[in-house]
Amino acid sequence: MDAIRYLLILSAVLFSIGAAGVLIRRNALVIFMCIEIMLNAVNLTFIALSRQLQSLDGQIFVFMVMAVAAAEVAIGLGIIVSIFRHKPTTDVDDVSLLKG
Amino acid sequence: MTATPLETVLFIAFGAVAIAGALSVILARHAVYSALGMLVNFVALAAMYIMLSAEFLGIAQLIVYAGAIVVLFLFALMLIGGRRPAEQGRLTGGLAAAGSALVVVFLAEIAYLVMRLTGTAGAKGTVTPDVIAQLGHIQLLGATLLLEYILPFELASVLLLVGIVGAVMLARARRQSRQE
Amino acid sequence: MLAYAWLMLLFPLLGVLINAFFGRRIGKRAVSWVACSAIGLSFLVALGVLMGTAGSTGVEQPLFTWISAGSFHVEFSLLLDPLSALMAAVVTGVSFLIHIYSIGYMAEDPRYARYFTYLNLFVFAMLILVLANNYLMMYVGWEGVGLCSYLLIGFWFERKAAADAGKKAFIVNRVGDMGFALGIMLIFAMFGTLQFSEVFRRAPGILGPAAVTAITLLLFVGATGKSAQIPLYIWLPDAMEGPTPVSALIHAATMVTAGVYMVARNHVLFDMAPTTAAVVASIGAATAFFAATMALVEKDLKRILAYSTISQLGYMFLAVGVGAYAAGMFHLTTHAFFKALLFLAAGSVMHAMAGEINIQKLGGLREKLPRTYAVFAVGAAALAGVPLFSGFFSKDEILWRAFLHSPVLWLVGLGTAFLTAVYIFRALFVTFWGETRAEKKLWEHAHEAPAVMSIPMLILAVLAVIGGYIGLPRLSLVEGYLEPVLHAEHAAEAGATEWVLLAVSALIALGGIALAYYLYVVRPAVPANLSKQFAPLYTLLSRKYYVDEFYMAVVVEPLRQVGRFIAELFDPRVVDGAVNGLARLAGVCGEGLGTLQNGRVRSYALSILVGVVIILGYFLLR
Amino acid sequence: MNSTGFPLLSLIVFLPLLGAVLVLLLGRRSHAGIRAVALAVTLIVLGLSLAAAALFRPAEAGIQLAEQAPWIPSLGISYRLGVDGFSLFLLPLTALLFVIAVLASWKPVGSDEASRSAVQSYFFWLLLLETGVLGVFAALDLVLFYVFWEAMLIPMYFLIGRWGGERRAYATMKFFIYTMAGSALMLVAILALGYFAYQSTGAWTFDWQTLRELKLAWPAPLWLFAMFGLAFAVKVPVFPFHTWLPDAYVEAPTPVTVLLAGVLSKMGVYGFVRFGLQLFPEGLRAAAPWLAVLAIIGILYASLSALMQKDVKRVIAYSSVAHLSLVVLGVVVANAQSLAGVVMQMVSHGIYVAALFLIVGMLEERRGTRLIAEFGGLWKPAPLLGVCFLIAMLGAVGLPGLNGFVGEFLILVGVFQGVRVYAVLAALGMILGAWYMLWTFQRIMQGPVEARSAGAADMRGMDLLVMVPLLVLIIVLGVFPNLILVPAGATINALVSQAAAVAWLP
């Protein structure tokens, strides 16, 4: 029973590192990478549990996550690059036109 | 599901590598190093998937994540590049400090929850590791994917199509802006 | 005859209505005819009622129900008994004469009709007060006469002094009326009814000593307000701003005596409250002496008479305070005659000297105004208490009763009698004797008052003389007449002491006259240097003991300051401020929340994480 | 339906609404036509309300002329009108003051050219206001009452907002939000009541009579009363909630001020009795000491403030705060005399305060200013105006023989039977009242004739037409107060017996 426990702990740690990265780093790309890491941490949980619960549903989900992640990266990077085209900065805080 | 000694050792190794990769992503001075860190992380995870008898996903992970996404990042880095001077300092004032503190709290909560986890929540399914070994992971995965989950599968493809169209549109927008 | 008593009220009311609505159209002659006939007829009815009620203990004549709210049931009905009949007769009689006098006095005034309307309204209100059979109706009359005195004092409202005097009179009266109103409420709380007969019948049973003292004190506060006793007398001297016939009628003969009448009417209660009786007597004596001292140095003839009225009212309160209600009412009656006479005489002096009333600027009017002089002399003699004049008998009766009650009060009364003789004859000698100090053209122009003014004065002069004989110690028609109502305990048989006292007060009066003669005729310089020697005393008296300034500083100004503080500072800043503050607070909160949305992506991420952490925490701790 | 089956009250309440619609149908230009319709409608309503008063049987204490019809059955809300001895005379008073207001608006109203020409919309809002106010006095279903209570605000907002003086925007906003905030809690209380009814009887109902029989566990009546009380305290107004009043009265045009002072303030007092005394006697009893203290402060505070006001309209505004605080004191003391005094004072205050504000309007017309300092000696050029001002002022000061006295004195007698100290303090108000009224009267009317006011015109036809009925009423009600006291007698006795069971006073 303990194996699954460590796996979950591992993915939690990975997820936290990703989250911390998002909050700490100011470079849009690095933030984007951290998001990918968070997604992967979730995938790991899915697979661990699907093995634990002996059902493939978890893995199907990982499949879907991958699809989404791929699309996301494509568009995300497109946006970041076009922002860079507009204003030569990758610093997230400079981009705050949608101010309340 | 008792883990054989070998598995535990491998598991610990790959775990450590994954964490190291993740850490390097957030701590690297230059964006390129963090991209490489991400690559390492992905590869470690792929290995772990395979250990957890999800071979196809492991390979898919390698191809999709490690291959495509990391390369995309590198492309983006090329375009934007590190021309800018090094990061002005990772921590931006109170926001970052508060953020990291919160993350630690979050992690503690999750850990506490996991520790308190008793018994399996849902009913067990029928697909045991040896069934996978016997029938082959891809066949099983393909069957369930195209039988039970056909709708999500199609939707995923639509999503990817949208992704592609979006990326193309963004690219076109970029060409026009360069022409003015 | 009693059945038609209500006509007494109807005639003045009709007079008011006619003059008010048609006054300007029907011309001065008609106005005066309407006004005077109204009061004349009312006087005739009053005489009839006077005859009719002789010996009866009072007849009630309900007219209509005024207010009925639960147990609070007030009828508008008349109480006709010797006391009210006497008062009604005096009121209507004197006011009839003054109405006639006013025809001459107010002849050229543009607002002739309005003057007579107010005068009739006054008599109407006074009669309501006098004939009331319950406290509330008396209160209606009480404030009604207060209103009329306000209107009539401020009749020439263009003059700021007159307007101020009117306002002052109404407000000071209002202070007294508040005491009266609280007394009425206490009576209703105790008895459940306001009917005089009821209250007096059940009083001994219901009222404990504390309650009866409280009620009588409150009623007395009302009386001091209306009858200008200490401490609420300050409005009467200023009330001289009004036309002189008004001063004669309201501020000498009728309205100011309402307080005395009220105490006499409530004699049952006052008998049950010895403490209040003592208070009444002492305030009466104190006011008498106090006012007399001020009259000594007053230069304005009308104000001298005003202080004299306050002083004589003090005598009346002294009388009712010691339980001699009949003596009080007797003095009230005689005072009404001679004081009205003195005022009318002063009026004719003003009429002759084109409004000049400062005695320093008059003098030697004997030749110019012989009739006025003679009449003024009769009034002065009566006031001073010269034997054979009415004042002598009534004042002596009071002094006699005061002596029986407490020698100290008698001594104060005697002293005041002396001062009275001095100040009134000072006024007489300075105004009518010696060479004239008036300007040349005023002096030539001075002429005797027309017939319409002199006849009432003559009648009053006659009354001032014979008025006294109806109260001779043994004959005492007045006391006999009021007996059924006032059951005044009979004075001890007129032993030697009464005769001695009679002689003493006669001597005092003559002595006073002699002193005045000496000071103001033989050696006119003496008063001047006397005032220099006792300069501080003189200024104290001439500034009227600074009482007005005291009230202004202690009562009026502080209230105005509080009012200003509230109106300009507290209300707009604090109470209103609180409201506007709330509005601004809402605005500030709005902006505060606005900063959360700063467009920076990472702060949103942070808030998401905060949400997650909180939810997890909740689930953990639950 | 009442005995005759004829929906008299509904007619009274909704006729002005009909009039308002009629006014809209007429062309914008035909000012004369609009004014004629408005006057006709208000006169008819006055006639009907007097008929209602005549139909009223004084002997019975309960609700009469009742009308009832289902409105939203599912929620238990029904259309229910009725009137009892207490609210009987509020209808004719409202109708009369609206006739007076229409007459007073015969000449163009408003401070700038645009508003002066908008006659049609002015009379539309005025008639709408009448429906709202009449509805409040006649409604017996709590929700219906609340609907009218809020509906009345909208026309008032426009009337002050558009046709008011310079600071009208600020004044309207404050008035609107203040009243709205006050009555928000009332809605919550109404719903709570409905729920309690549902709890105990199984069916949602907002009918005032059934809710009266509801037995509520102790804390409920107190906080329910507190919620209702807040809305009414703002409306009356009671001491701390009065700051909207001077601004609203001063900035509103004269006819609207007459309505604001004459009628709207009575809604607060009516509310205190109908929903305080009759619905939650225990609640009122518990809150009585606080309300009494606030009322006393209100009397003295407002009187002193009125003393030093520079604007004559604010003097009268503060004076009506003082007089209404005394009425609230009367309600709180709740014995036979004070309640009779409350009924009387509600009507007479409406009349003499209307007269006073009309006079202020006339003064403002003649001299273009309301600052007392700039007046002086107006009685010489305008004797008639002086006499009318005198009578109205004496009515307000509570001179016996005029209508102000009877109500005021009855309340004081009632309060005296309860707590004597309160009566003495309230009686001080009588003196202060005389002081500031007389002083204001003197500075405007008496004294040396101010140069600029020498040419002031005396009262002409329309002014007299507006003023005379009020003055006649001031005198008639002063001499024959039983016209109002007797019909209200039975209801008051019922009220007293109910309140006596609860009275907090020795």
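Which chain is which? They are A, B, C and D, in the order written, and residues in each are numbered from 1.
Heads up, the rule we're going with is that contacts are C-beta pairs under 8 Å (C-beta built on N, C-alpha and C of every residue); 3 or more make two chains touch, one makes a residue touch a chain.
Remember, it's a predicted structure, so these values are computed and weren't measured experimentally.
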Review point. Shared touching chains for chain B and chain C?
Key: A
Revision key, fill the gap. More contacting C-beta pairs: C-D or A-C? The answer is C-D
Point to revise | Identity of the most central chain, Cα criterion | key: D
Review point. From the centre of chain A, which chain's CA centre is farthest?
Key: C
Check your understanding: Roughly how many whole angstrom separate the Cα centroids of chain C and chain D?
Key -> 38
**Study point:** Gap in Å, rounded to a whole number, between the CA centres of chain D and chain A
**Key:** 68
Revision key, fill the gap. Note: chain C sits from chain A at a C-alpha centroid distance in Å of 99
Review point. From the C-alpha centre of chain B to that of chain D, how far is it in Å?
Key: 74
Exercise for review: Would you mind listing the residues of chain B that make contact with two or more other chains?
Suggested key: 92, 95, 99, 102-103, 106, 110
Study note, to complete from the structure: Among all residues of chain A, those touching at least two other chains are 19, 22-23, 26, 93
Study note, to complete from the structure: The chain pairs that touch are A-B, A-C, B-C, C-D
Point to revise | Complex interface listing, chain C residues touching chain B | key: 602-603, 605-606, 609-610, 612-613, 616-617, 620
Point to revise | Sites on chain B touched by chain C in the complex | key: 92, 95, 98-99, 102-103, 105-106, 109-110, 112-113
Exercise for review: Within their complex, state which residues of chain B touch chain A.
Suggested key: 1, 3, 7-8, 11, 15, 18-19, 22-23, 25-26, 28, 31, 34-35, 38, 41-42, 45, 48-49, 52-54, 57, 60-61, 64-65, 68-69, 72-73, 75-77, 79-80, 84, 87-88, 90-92, 95-96, 99-100, 102-104, 106-107, 110-111, 114-115, 117, 120, 122, 124-129, 140-141, 144-145, 148-149, 152, 156-157, 159-160, 162-164, 166-167, 170-171, 173-174, 177-178
Check your understanding: What residues of chain C sit close enough to touch chain D in their complex?
Key -> 65-72, 136, 139-140, 142-144, 147, 150, 154, 157-160, 163-164, 166-167, 170-171, 174-175, 177-178, 181-182, 184-186, 188-189, 559-560, 562-564, 566-568, 571, 575-576, 579, 583
Check your understanding: Okay, in this complex, where on chain D does chain C touch?
Key -> 174, 177-178, 240, 242-244, 301, 304-309, 335-337, 340-341, 344, 377, 379-380, 394, 399-401, 405-406, 409-410, 412-413, 416-417, 423-424, 427-428, 430-432, 434-435, 438-439, 442, 445-449, 479, 481-482, 485-486, 489, 492-493, 496
